[in-house]
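After this come two complexes, each holding chain A, first together with chain B and then together with chain C.
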Partner chain A sequence: MSLALTDDEARPVEARSASAAPRSAGSGPDRPRADRPRPGALRRVAARTPIWFLVPAAGLLGGLAIYPLIVLVRMSLSDVGPTNIIGEWPAVGVDNFVAAFGDAELWAAIWRTLVVAAVLLVSNFVLGFAAASVLSAGGRVTEAVLALLVFVWALPPIVSGSTWKFLLDDSGPINTAIAALGLPTVSWLSSPDLALYSVAAIIAWAALPFSILVIRGGLLAVSPELIEAAALDGAGFWRTQVRIVLPLIRPTLGILAILTVLYAFKSFDFFYVTTQGGPGTTTTTLPVLSYQLAFNDFQMSEGATVALIAMLAVAIFAVPYVRAVRREEAGS
Partner chain B sequence: MPGPRTVRTIAAGAATALLLSGCAISSQSASTDEGTTLTFWSYYNGAQADWLAAQVDQFEADNPGVTIDIVKTVGDQQDQKLLASVATGSTPDLFINNIVVDYPTLVAGEVTADLTEYWEEYADATQYPEAAAWRTDGKVYNLLPFTNLIGLYYNADILAEVGIDGPPTTLDELTEDLAAVAADGRYKGLALSGAPTVEGAWLFAPQLLGVGVDYCTFEGAEVETAFARAETWAKAGSTPQATATWDQTDAWQQFATGEFAFGINGNWNLGNAGEADFEWGTAQYPAPVGGESIVYPGGEGFGIGSKSQHKDLAWSFIEQAVLSSDAGEAIFETAGSIPVRADVSELPVIQENLEVQPFVAAAHTAASWPNNENTASIQTALGKAISSVWSGQTSAAEASAAAIADIAAAIEDGGGTCS
Partner chain C sequence: MITHRTRRWFRFIAALLGLVYLVPMIWVVLTSLKTKQEVLKDPNGLVFTPTLDTYAEVVGDGIGAILTSLQIAVAVTGVVLLLAVPAAFALARRISRRWGIVIAVVLAALLVLQMVPQPMTVIPLYSVLASWGLLGSLGGLILADIALLLPFAIMLLRPFVLAIPPSVYEAAELDGAGRWQTFRRIAVPMLGNGIVTVLAIVFISVWGEFVYAINFLPQGVVLPVSGLLAQQSSVYSTEWNSLMALAVITSLPLLLVFLISQKRLISGLALGAVK
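After this line comes the complex of A and B, so read on.
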């Protein structure tokens, strides 16, 4: 199949139309023809066309995001359980929210979710920036590492989570290696003091490739002339990175921070695979609590309420960041 | 190369098909000139799945023109999907469910068809104990033709090396034996599931059932004593900290390593135990002092979907492939599940199997589950509480108080009914 245009195709559309349209008998060059749209109508059709292009996206957004969100809100304001999930949902106002905020388990879950977010932020920013700085230089090793990162990032959480559960088991390979060194073994996933940090570390491991790729993208956009100027002024590699590059990629880091917090607040699969919220309740974060309430206990309204609280918490973090980034972009 | 019109037509058709298909898994039965297809949602794995496949093959051979389409599902999500299928009017024709957890929910959610007429007209219904037909308001909705129970597995080699004469019959004896194993230092004590789920609750509940405390009477000094015993085992290292996250499969794998003196697990692992490279035996769940050995019965309920268009045919499958004596004998030999059908439980293949006898005995004294739509929450409350003790997250006193309060709240929230 050839992509080359013929002479006729290469001419402007209006020119082609004029030459190709058969002239009706008696029609003169100054008279408008009924078989051709007028220029004004053409412009209006063209002006409207982009709206139709938006219809599929708007339909998908409405059906898959907005409608479920409306159902979620309605469920959180109703009394829904297994007996009436198909029938009527009696409205209870904000009773579910009052009950949720009065439950110590919710506050404990919020705290655990914040801990996970903190671990992710530290990992994504410190390790992510360091790794991205190193990987911003080209070369075969960089390409190989980037390929490996994409592989890790693309791994299904059920697979990587199961692997980590095996590795971190009390009698798993990591503890076997530790014991071989004569050191005491560690209850990575079963210690109530350690389990949350262990799972958070697994999530951080899975999230790190994405942050490296994002930060690396920001670094590559920094003008080389600025780096050279800094070098001429005597700034070393890390001084340049911290004093010159970091401020320049602050918008990128802001977006990454939002995405990281979002990721922490929606992380469920690794907890599901490794600890199921245990031991006890020590790894029951907001999404885990929401799942347990809705799908283990069939307290649909309570589960929806916790999910909505998690969304609101994310919004509290996200809105100021988004506004700050917009201000910064507008200023620049 | 297809033209733009063709591409648009294909795209529109694909989008329509995607929208209409809706569910992630198939649930539609179908009748054509070539025959009828019934869907069966099953989360069976391994030997149980092999048994079901063999029963389906036999039924299809006996009933030309009928096809049973086994749709593989995820056990944890079966009840959620079944509830959703009612909303879309597409329940499967046949399904299994975790009867002890899901039954009240599935009945309340109108997932299950009323089987009363079928059951009353079933000629061999008298072969089954009353408890095999699960009823609500006098109507039968689920059938439990095979049961799974938990008991004590022991590593006879370790017991001999440590100097323990035989398996314990009481929890006090078990505590002494665990202390002896710990003092010996070469082996680990007890492998059992302590996950913060219904599994962890199922494994712990017999410590209370034997002294007359069930979910409906969950309070008093007996509760604190049982939690304190678990705390003693955990602090002594007889139950590893990882117990708090083990499900039953994890716990079995630990016992199968040969490093544990005891394991509490189900009869469905009898087949797997045959592959162990050490001498092993079974006993009933040790009884609390002053009480007897009582456990909650488990197993899969068989049901017909309320929206099925082929209920009569679905019942024929249950009658021929699930309730028959051949089916009972086959699942015992294939998967180790204990048939409750009288004529099958008296077969030599079961009566002469020494290892299965503790589980058969347990079936005769099994406790009754709470009759409350919140039964999942009730059991999970106990699972979370005991998991926190196995891990050391909370003390026995705190955990028992939390379990008492949470179970009472869940019962109340579920309408207040229990027994």
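After this line comes the complex of A and C, so read on.
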């Protein structure tokens, strides 16, 4: 999950005073300074802008981040299998997409991804808001819990995933505890009906600290006067939180909602470690399906097609996200 | 307002929340301190003599994995910083309107790149690396990891550069310092906090990365620790003690950073980007 909460973006006044560039005066190309020789076009750009500071990073990302996305699109429009990963890719038009959308397994995977997204949304918002409210009071216990949350949030998903695989094992600590209470044990990760919800809960556990920290950041920015005024009017704590504070932090919550849904479409590590998409295909979400098609069956084209379908969903959410981040930056 | 009684309730709920996160961690550490026999006999017993045998065994068998992890993490972190610091510098200096447009476009691209799910980049990267002859080499994996973490590192560093007042640059330029000198002598020394934060976070992330590692490294080559953990926990295994020891080793850099400078990590993450 990523959220860039940078503060400064548009500061035209400062930028204008900081730049000696003769932007307003120049008609046509900017006048070179008299004391400098007239260099080539690129060098002139380099003299005015820090472009060379950006080129190495941009070059690498162009080759290893943007170019692969183009390859992904080409793959989905070709027939690439185990034999021709290196070699000719016969073009097949949109056949892969037609086949994918005609496959019930894709729709099932989309449905499972949405289930995970729904679980995450409920957890991140309901539990996240409640916990953030409780944790905005301060104190030593709060500090310790916050530190722990930061730790869990930075924990590699592979670690939290294997931790929960152990805890939820059929004869693991949780089932042992349940048995000790005299209750029937639960096949958390091996029951076809339950596994998806168990993994969703694991992801929710891992994602909740992020949500708490983001919401808490929003809560702390709300002016205390407003809350005091509400208290003087006799509103209780939770009433104030829901009626007054919640609407005030709506921009933060908007970004969080987008990131939460994105997270569901991204989550793969947890499934890989805990269930590998099983039992059967009951926990095969979109990212799991595309990975398995590509790397278990080596149907690269089919994997790429599912990946692109998932990315399409990501893109639908990406547009408002980028807008919201930019608005947030411009506003603060 | 929060009354005295609600405050007590809050402390109780906060502690409860803490336990939900603390108990699993403790269980992991406890299990990693058991022997194989103890795990087989009574996997969830609380009465046992803690021993470091499992760690000795895991580290003994997995010293190659730890070395691979170190190689990858050091190389990736180094290159990411070398590329990200100048890029963040360039993206934080609004010197003209046209450059402002460049910044806006690049930032939007970085945001989008950060959002592309890794399972989706692993498929095309597999073929890209293969066609460049880099598949199945440490170099190829390192390049892929760099591309994965670079957007994040730039976005995380940029606010630190923005925090440097423009007047500092102006003063340097009045003194006749070129752009490179401004960068080297002024910006980099002032970015100490940001660089350390990014270094720590990138290192932690690479150390825990496994999707690229298990696909881009050749068969038979020693996997990094994270890859080993992924491989072993994805197959059915009852040797929870060694699995949990591996999990602890996989979170070791995080643990270290956290113990050394928890405050800096928190404030760095809060200031910059949130993973």
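The criterion applied here is as follows: the second predicted complex is superposed on the first by the 255 of 332 C-alpha atoms of A that agree within 3 Å, B and C clash if a C-alpha of one lies under 4 Å from a C-alpha of the other, contacts with A are read in each partner's own complex, and residues count from 1 in each chain.
Following the convention adopted for this analysis, a residue touches a chain if its C-beta (ideal position, glycine included) is under 8 Å from a C-beta of that chain, and two chains touch if they have at least 3 such contacts.
Remember, predicted model here, so these are calculated numbers, not experimental data.
Novice: Is chain A touched at more residues by chain B or by chain C?
Specialist: C
Novice: Return first, second, both or neither, reflecting whether A:295 touches chain B, chain C, both chains, or no partner chain.
Specialist: both
Novice: For A:85, is the partner it touches chain B (first), chain C (second), both, or none of the two (neither)?
Specialist: A:85 sits against chain B and chain C alike.
Novice: Which holds for A:252: it touches chain B only (first), chain C only (second), both, or neither?
Specialist: A:252 contacts neither chain B nor chain C.
Novice: Quick check on the superposed pair: does A:131 touch chain B, chain C, both, or neither? Answer first, second, both or neither.
Specialist: A:131 contacts chain C only, not chain B.
Novice: Once the shared chain is lined up, is A:185 touching chain B (first), chain C (second), both, or neither of them?
Specialist: Neither partner.
Novice: So, does A:276 touch the first partner chain B, the second partner chain C, both, or neither?
Specialist: both
Novice: Thinking of the overlay built on chain A, is A:155 touched by chain B (first), by chain C (second), by both, or by neither?
Specialist: After superposing on A, A:155 lies in contact with chain C but is clear of chain B.
Novice: Please indicate which partner A:322 is in contact with in the superposed arrangement: first for chain B, second for chain C, both, or neither.
Specialist: After superposition on chain A, A:322 lies in contact with chain C alone.
Novice: Once the two structures are superposed, pull the chain A residues common to the chain B and chain C interfaces.
Specialist: Dual-contact residues (chain A): 1, 85-86, 169, 171, 276, 295.
Novice: Would you pull the chain B residues touching chain A in the complex into a rising list?
Specialist: It is residues 1, 77, 79-80, 83, 86-87, 105, 108-110, 194-197, 240-245, 254, 257, 373-374, 376-377, 380, 384-385, 387-394, 410, 413 of chain B that touch chain A.
Novice: Using the touch definition from the top, list the residues of chain A that touch chain C in their complex.
Specialist: 1-8, 11, 14-15, 18-19, 21, 23, 48-51, 53-54, 56-58, 60-61, 63-69, 71-72, 75, 80, 85-86, 131, 134-135, 137, 139, 141-142, 144-159, 161-167, 169, 171-173, 176-177, 205, 209-210, 213-214, 217, 227-228, 231, 237, 262, 265-266, 268-269, 272-273, 276, 287-288, 290-291, 294-295, 300, 303-304, 307-308, 310-311, 314, 318, 321-322, 325-326
Novice: What part of chain C is in contact with chain A in the complex they form?
Specialist: Its residues touching chain A are 1-3, 6-7, 10-11, 13-15, 17-18, 20-22, 24-25, 27-28, 31, 43-44, 82-84, 86-87, 89-91, 93-100, 102, 104, 106, 108-109, 111-128, 130-131, 143-144, 146-147, 150-152, 154-155, 158-159, 162, 166, 169-170, 179, 183, 201, 204-205, 207-211, 215, 226, 229-230, 233-234, 240, 243-244, 246-247, 250-251, 254, 258, 262, 265-266, 269-270, 272-275.
Novice: Would you tell me which residues of chain A are touching chain B in their complex?
Specialist: Interface residues on the chain A side: 1, 81-83, 85-86, 169-171, 187, 189-192, 195, 274-282, 292, 295-299.
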